[in-house]
Amino acid sequence: MRIKVYGILILIIVLLSWNKIQAQNKILVFQTDFGLKDGAVSAMKGVAMEVSSDLKIFDLTHEIPAYNVWESAYRLQQTAQYWPKGTVFVSVVDPGVGSERKSIVLKTKSGHFFVGPDNGQFTLVAQSLGIAAIYEIDEAINRRKNSQPSYTFHGRDVYAYTGARLAAGIITLDKVGHKQPASVIVIDYQKAVYENGVIKGNIPVLDIQYGNVWTNIDGDNFKKLGLKYGEQVHVEILHADKKVYEGDMPYVTTFSDVAIGKPLCYLNSLLNVSFALNQENFSTANQVFSGPAWKVLIKKISE
Amino acid sequence: MRIKVYGILILIIVLLSWNKIQAQNKILVFQTDFGLKDGAVSAMKGVAMEVSSDLKIFDLTHEIPAYNVWESAYRLQQTAQYWPKGTVFVSVVDPGVGSERKSIVLKTKSGHFFVGPDNGQFTLVAQSLGIAAIYEIDEAINRRKNSQPSYTFHGRDVYAYTGARLAAGIITLDKVGHKQPASVIVIDYQKAVYENGVIKGNIPVLDIQYGNVWTNIDGDNFKKLGLKYGEQVHVEILHADKKVYEGDMPYVTTFSDVAIGKPLCYLNSLLNVSFALNQENFSTANQVFSGPAWKVLIKKISE
Amino acid sequence: MRIKVYGILILIIVLLSWNKIQAQNKILVFQTDFGLKDGAVSAMKGVAMEVSSDLKIFDLTHEIPAYNVWESAYRLQQTAQYWPKGTVFVSVVDPGVGSERKSIVLKTKSGHFFVGPDNGQFTLVAQSLGIAAIYEIDEAINRRKNSQPSYTFHGRDVYAYTGARLAAGIITLDKVGHKQPASVIVIDYQKAVYENGVIKGNIPVLDIQYGNVWTNIDGDNFKKLGLKYGEQVHVEILHADKKVYEGDMPYVTTFSDVAIGKPLCYLNSLLNVSFALNQENFSTANQVFSGPAWKVLIKKISE
């Protein structure tokens, strides 16, 4: 009798714990260039809810500029690290939809999953988080029921569906399709390097709401200039190797260290070197934008 | 003793299953023309959370152009089918707020629920999903407590409140109010028809992010033209019976089948005939927009 | 034996009820001026999910105009009352980030929690909901692990992290930091007053989607004018004490009581006096906007 009672108790605990026992964390994060004005994002979420109503669904952004694979890559890198291990990101910025690009799931060494077309948008998470495994999605098995073979809205019928099944623990990674070599399609850009007193880097993205310019130069590289807070740097910004901006500004810790409207150099929330005007828009004021073709050069001003 | 233990076990299973036993699936989807810049949508969600914190709340879109009942109708039709049976949609595009329009709950034959003013916005889901039942909301019983009878923000105090109670299973459909005849207020538009080698239809909506033009002509109707992939069609687009666009383009399966900037005819993600420029904006380039007054004519180009 | 079985039953009920027993309601609402185009909001939500995946996360708005602390204050006041007691609001509109403003948690007498910089954005909820207690956030204990002491993105590393821990019931209010006196930084503005047949007030905010002008004059104050529905009022609107608009309009209950394009005076969804053009934009038509510097004067037109 006593054994029976304990058996029941264990059963109950198992039932209560079931969600935790399953492999994934049930968190699904969507990114697209669809905008929020029509029903496309909602249809994707509906498909995910149909797969499992236990999923916790979030948005990274749906305001990636249309077809901008590079910005998609940057937004994934900017945010993935802050989400728990096991989170599944579905990213659909897909200028080549219908052409030959592969549909993949990338698992990074950090334990995050990325679902979408392999068209360059996984460049930066692959480099920064590391590739644990890549599977090509087999659409013969991982496509929404009743979606017509003759035409498929991949974001909804393949990526949302597969991402939801993976996040819900209905399938494991190896059930996605065929395992691939550990490399993704990569977009070329100026990596952060220090040479002869000058640091070179790229402008992957703007802090768009405020018009601040974010580089890919991390704080450790920047230390090689041997700057103290308050010291001046000389900055050049080039687009396709043509100079767009040149100027001096102090390296400071907070915006309010300079007057309103004045330029400053600081470390942003990713601890990367950035340029801003205090309470104004550096980007529009200087016509500096972002993407793989943008390059920055920074040196300390010698006294 | 053994009986008692089994009794307890059953009780536990009932407790664990309680959410599933209730009638609804707890999924609540909001659509409005409120935008996301103020607190109106958030107030609606707060009211829903006050009703039941077990609800899973989503957005269709809040960017319906102000007072555009037609676009509201289209967005509901575009997405409802992808959400699970039992999902409750609260749609508040309400140019006649305070006037005599009825507040209703429409249950479709597909098992979805639609809550909001009966002002034309249910035209398309009623036609495509079928009417199972319609109830008028009795505001004497289905209005948020403490909302003043003298003035009511219907989106928050009636529609969000009633939709949340329905989705949470606190009320069943017949507790909404009085049952109505099975018809909704309908907006007139050109239905898809084939006559003498020409297909006529309407432009219900744009694929706004990309400027693609979506018609209401489904693939089955389109087949009557006897086209093969790659063959040319002749397209005329009229607004209020005045010609706005005329041109030829191929019928293809993917955007990349034509050069960048060239027009194409394709089946969109709803398997409806659509027009686009590859990686450019057909709508702004040709000043073609959407709504009940827009008409398209398509014929095969004879060789 | 019987006792043992009942003991187990009680244990089960406790397990089932555990979420409810904890102090908070697990609802976390974010407001920022970050916009939705980049990854900042998503990073905040990722941090919250890392704290507890049981949280229910919502948005108030992320479209507060950059650095507009006043509008932040208004949006909190507009919506907080509709959310359940125990809801935690994280509001990050922070022009002085990095300067000396305090980071606080405000608990109001209504049982809501507000987390963010104390820079004026809590002016209106403190006045309308009442201050129950204020704690300064001690960043030595309430800052995300692995966020560098040398630089902190407060929205993500302090406010989202602390708000999530509070909402999840991981910490109680008194574990936030040191208790503070019961006052917040306050922004000055024209309070609603009645004098000699004239009501004065402020325009805290626009109903931005429609261009309606919302004042802070509540219905009870407005009654002092002794108006009946349909009677005319004379309205003056001033910016920094300079007249911007002057005109007459009827006091009505619904927009459709006046012709399209005509002005009206009505009580909005917060039961405050508001001005609108029926189906047109009062704000842009008359160049009337909102903020602490805007003042309105209303009197009854004598017959």
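First chain written, first letter: the chains are A, B and C, and each begins at residue 1.
Definition applied: contacts are C-beta pairs under 8 Å (C-beta built on N, C-alpha and C of every residue); 3 or more make two chains touch, one makes a residue touch a chain.
The shown structure was predicted, so the numbers you read here are calculated from the model rather than taken from an experiment.
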item	value
Classification of the subunit A:subunit C interface as same or different, half of numbers criterion	different
Rotation angle (°) superposing Cα atoms of subunit A on subunit B, nearest 5	120
Subunit A and subunit C: spacing of chain centres that average the CA atoms, whole Å	31
Subunit B residues counted as touching two or more neighbouring chains	1, 5, 8, 12, 16, 36
Residues of subunit B touching subunit C in the complex	1, 4-5, 8, 11-12, 15-16, 33-40, 42-47, 49-50, 53, 57, 66-67, 95-99, 148, 151, 153, 156
Touch list for subunit B against partner subunit A, complex	1-2, 5, 8-9, 12, 16, 25-27, 29, 36, 56, 58-63, 75, 78-79, 82-84, 87, 205, 207-210, 253-257, 267-269, 271, 279
